[in-house]
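These are the structures in question, set out in turn.
Consider the two complexes below, in which chain A is the common component and chain B and chain C are the respective partners.
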Partner chain A sequence: MSGATTSLELSVAATACRLRPEQWQRVRIVLVALALFGWVTSAWGWSQDTQQFHASYLVSFLYVATIGLGATLFVAIQHLTTAAWSVTSRRLMESIMITVLAAPALFIPVIRGLDVLYRWAQPGFFDPDDPNVAFKRVFFSPTFYESRMVVYFVVWCVLAWLLYQGSVGQDRHGGSMAAVVKLRRWSGPGVAALFVTVTSAAVDWVMSLEPYWYSTVFGIYVFAGGAVAFVAAIIILALGLRALGYLREWIHVEHYHDWGKWLFALSVFWAYLAYSQYMLMWYANLPEETAWYQVRLNGSWRWVSLTLAAGHFGVPFLGLMARRAKRSLPWLGAIAGWMLLMHWVDLHWLVMPTVHEHGFHLHWLDLSTWLAVGATAALVGWWVMGRHPLVPAGDLRLAESLEHHNE
Partner chain B sequence: MAEVVLHSGGLNPPLVEGPTSFARITDDVCRIVENKPPRAWYVAMGISVTLTLILGVALYLLFTRGIGVWGNNQPVAWAFDITNFVFWIGIGHAGTLISAILFLFRQRWRTSINRAAEAMTIFAVICAGMFPLIHVGRPWRAYWLFPIPNPYIDMWPNFRSPLIWDVFAVSTYFTVSLLFWYTGLIPDLATLRDRARTKLARWAYGLLSLGWRGSARHWSAYEKAYLLLAGLSTPLVISVHSIVSFDFAVSILPGWHATIFPPYFVAGAIFSGFAMVITLLVIARRVYNLQHLITLHHLDNMNKILLATSLIVGYSYAVEFFTAFFSGNPYERFVFTNRAVGPYAWAIWTMVFCNVVVPQLLWFRRFRRSVPWMFVIAILVNIGMWFERFNIIVTSLHRDFLPSSWGSFRPTVVDFMTLAGSFGLFLTLFLLFLRFLPAVAMAEVKAVLPDGRQEVRA
Partner chain C sequence: MTEPLWGIAAVFETPQQLLEAARELRRRGVERLDALSPFPVHGMDRVLGYRVPPLGWVVLVAAVVGASLALALQWWTGAIDYPLHVGGKPLFAWEFSVPVTFELAVLLGAFAAFGGMLWVNRLPQYEHPVLCVDGLARVSTDEFVLVVEASDSQFDENRMTRWLQELGAVRVERIPGRGES
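Moving on to the complex of A and B:
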């Protein structure tokens, strides 16, 4: 590729950049084995402790779904802003994004266990004579709830599919301004729809675990956490492929530097939202709001809360502030891996106090459901990664992206 | 690679249009300062100074008679004063966003608008800073806000109050914005010094340009300072309006206490700031023939940011409204119902129309690139964003928990004089800026010309 001077040669070099079939096959076998192991053990766990299964499963599902949705947001924003720097890593973003297609199927165990986890789903939970819960009674009625779920999944899958097809279409037919404009057109309304649906889903899936608690910023907080985890995931994915000998010239230190900036900026943004919510509730000290923090600041949950503040904010903030830190690939990889762990801690902290009020409690189902959901989603991403070049070969900005450097 | 660059011409539209050279850009910008201003400038200055004088009268009435000359009352203890404060602080957000955040995002198109936008930031913060001072009632004692040990009064600010955080946030923001603006000005001031035709001008610009000679060492120090100030300003853009939002959100008043307030206020501030930048630059580029520097492409991009922030603001309105009903809290529900259909419903729907409905036109390229349309939209956004703050403050205060203590707010003539006068002050400062300082960052625009970029790379 270093010899490529014309767009044609560059495009040819990009098209040739594919996963080697035997390597693809090997990873696929590993993923299938992990998924099978995860599903079988989780199923057994479900028969043993239904409530624990559903809580663990919800965390795992959210983990995968938020990363996929973070990827969808990122891909759409790249098209919307006609970004050049990120073009060489966009196919990896798209591979993470496409795992969203698995979300509707992966959601089945969640909806099957609604009444186990969500108190509002238990019959007769809301007093029909209480005017203050009249809105919630309608909002959480099965029909309305289920139609919302359908809307979410349709919006996400259609958007991910359109963005994906528009990009791989350029591999085959070559890039054109028409394709650029088309992708940008989908991305504008796409980002808007994504914001509304994801934040609303966060209310339905996470906030409503505590049926009387509310916070207006909550949806954005969950989405921001997903965006952080997505950036961490793409860094890990790119570094993993690099270790296997792929993409070394395509995604170079200048690109990693920018991904490092994103990881830094988004984890600060996440902390900003977390702090806004916490400080305002602490300050106002209203019992209906502080109850949520009360559980999380007592017993061993207190330590999880502190870990989250230090690990989800302090570590990337101090660890990625220096330019040199963002440009050191082993260091960046270590922080990214740490942030993937922190995203899990964040979701665990959001969900688990519902079932383990008195303290942090790690269960083996946390791992097995994570393996089941994670490996299944990874299989979807890996599947499509094997079918296309690892860089968007037809993209008009390929050369510009390759030349990218931080002044 | 050349072929590719050529091919993607549509992706990277030129940032400066028409036949341009470094000398031409210097001429185009400097002549604004060097030539006699056009008649439009005198007319605008006349109006602005008149309005500023009205502000003087309003302040005289306020200081001699007290807060009673305003419509403020119990329960509406905050009204136009704090509305204007938040409004102007919001206007002051575009400049630093363009200069700092767009700089960190490598948005090169920012270079021809950042200077004027930063100037607006500083003038808007001056206008904003005035309001908390005059609303304390005894502005000559406003220094009590600072933690100054004083044996006579035996008072100390309450550091748990966001009002005191505001004092520090706004003054820090002002200081850093001023430094940032001034740092950027130095090379351009030196250009004006070198071209000056009168002794006075040479002396004044010479003094301000701090002995700039444009040596490589100067540029290196300049670039470092610029990057550092950009990095420092970025958290400030977010912190100032977040802290302004805390003024409301830490309370337990329904309509004020919402966790989404910090990001929502920041987005609203950027929204209103961009609207003001568009409003003024659309006129300035025409009066001073700067259409080739501040191109339709720039305005198009700014309109996109306007649309994006409009959507965020609209989302926040929707989430607040939804949560009021979802929460099951009867007080929250009442406040939002009262907003929608109560005595101030007209103000709410003006706000929704101006901030959420009208900007949807900007989805279409035709509107984003039409100067008359964007001017109208930007003016409406300015109006809508003023009403947003008015609504937050007045509708939440006038009817709270106890119906027996409900009231209402009617602005007085002095209220309107102060509001109009603050616009006068802002515009006067801005017109003086256009008259005496380079309105476009010449050195930065040159760096984004094709020639400039090649030189940078070589």
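Moving on to the complex of A and C:
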């Protein structure tokens, strides 16, 4: 890329920026091995402890799905705002986004465990004579639940596919304003559809684990957590490729600085939602609301709650506040890795108290299901990464993105 | 007898030329330089050798003071000076203190940032020799200006004018000093 001055030369240099086949192959073998190991051990775990398997699997599924959906939201927002700064990292975003295509298949074990996980899925759970639950009785019937899942997955897969094809299409046919405008046109309704479906899915997947509990910001809370984890994931992915010698000139410190700002801002947003939800319930002190927190503030769950507050908010807030911190790649990478761990703690804290009421309990299935789901989704992303250049070579804003500065 | 000279200003047509000229003069040891442009030119801060001002620390201190004041206010008024039980809530708790604490931290932080910005930039400043040169009026629309102050140790009007012209200046303006009046 050094020496490339015209947009054509830049585009040619970008097209040449690909994963080396033998390296791609090696990582693929590792991912296949991890996925196989994960699925085999998870299957054995399922035969031993069905309830633990389904709870662990749900956490792992949520981990992967929320990151993929966070990526989809980010890609759509880049198109919507015609952002130039993020163009050189957009292919990495798109590769994380495309893991959404694996979500429908990965959801099958959750559907199979519906009546194990969700009390409302057990026949006769809601009292038919109780007018307070008349709506929930209809809303939380397995058939209606499954139909909603079909709608969500269709919306997400279509959106991810359109955005991905629109971007790689420019690699092949060259960039054009028409392509830019087309991607922007999909992204507007796409963002609106994402917010409706992802927040509803968060209610269906997680909030309904406690059928009587409700919180109006819950969907956004889960989505915000996914967005934080996505930003952490793209920082780790870019730094990992950088360590292997890729993208060094394409994604430079000015871009990492901006990703650091996003990581900082989104974890503050997450904390704002977490606090709003907690404070309102603490103040109102209504039994049907506080029960959810009572479990999480007693026994060893209390320590998990405190870890979450300090680790998911305090660490990135203090750790990324300074300009120098966001521009130091090792430090930014360390915080990003920490946030990926915190996202898991967050989801574990949301789901597991329904199974382990009396305290935090780590099970080996937490790791094996995470390996199974994570490695499978990573394979999907890695597979498309091997097929296309690592930067959107046809994009008209490549040069503008490379010149991005933070002063 | 020549009139007092405050400095000279070179007018360039593109931000790239401005940046390049500033970089070259800095390389030749010129210290008292300033660049004027209708919009921020990326990289100029570094070329001119601007240090990052300690404003961030000032803002941090102001925000911490704001947060502490807010906490103290809520605790003292609610739990000490006029204790009043409302809805069975404790007289003081962190849960309800967060919004006010946050607001006051942001308020004092913003005051410090705004006041500190004025102080670091030596604003408000109602007059400056550069503002009195008619030939520099277009710097707020489409011209890029590099100012070399006469107080620079390297300053020699003829040599500096030649340097600037060699670097691509379309014209060089003299900036008269304020004189005695």
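Criterion: the second predicted complex is superposed on the first by the 407 of 407 C-alpha atoms of A that agree within 3 Å, B and C clash if a C-alpha of one lies under 4 Å from a C-alpha of the other, contacts with A are read in each partner's own complex, and residues count from 1 in each chain.
One rule holds for everything that comes next: a contact is a pair of C-beta atoms (placed from the backbone, for glycine too) under 8 Å apart; a residue touches a chain by one contact, two chains touch by 3 or more.
Keep in mind that this is a model prediction, so the values were computed, not measured.
Overlaying the two complexes via chain A brings chain B and chain C into a clash. Counting the residues of chain A that each partner touches, chain B and chain C differ, and the larger count belongs to B.
Of the two partner chains, chain B is the only one that A:Leu396 touches; chain C does not reach it. In the superposition on chain A, contact of A:Ala322 is made with chain C only, not with chain B.
When the shared chain is aligned, chain B comes close enough to touch A:Val196, but chain C does not.
Contact with neither chain B nor chain C is seen for A:Trp301 once the two complexes are overlaid on the shared chain.
Judged by the touch definition given at the top, the superposed model places A:Phe61 against neither chain B nor chain C.
Touch criterion met: A:Met177 reaches chain B, while chain C stays clear of it. Looking at the shared chain after the overlay, A:Val217 reaches chain B, while chain C stays out of its contact range.
Of the two partner chains, both chain B and chain C are touched by A:Tyr283. Taken together, the two structures place residues 279, 283, 285, 403, 407 of chain A in contact with chain B in one case and with chain C in the other. Within the complex, the chain B residues that touch chain A are 1, 3-5, 7-8, 10-11, 106, 238, 242, 246, 249-252, 257-263, 311, 315-316, 319-320, 323, 325-330, 363, 456.
Those residues of chain A that touch chain C in the complex are listed here as 275, 278-279, 282-283, 285, 322-323, 403, 405, 407. Those residues of chain A lying in contact with chain B across their complex are 5-7, 10, 82, 84-85, 131-133, 135-136, 139, 177, 180, 188, 192, 195-196, 199, 203, 212, 214-220, 272-273, 276-277, 279-281, 283-286, 288, 396-400, 403, 407.
The touching residues of chain C, counted against chain A in their complex, run 40, 42-43, 45-46, 52, 56, 87-89, 95-96, 98.
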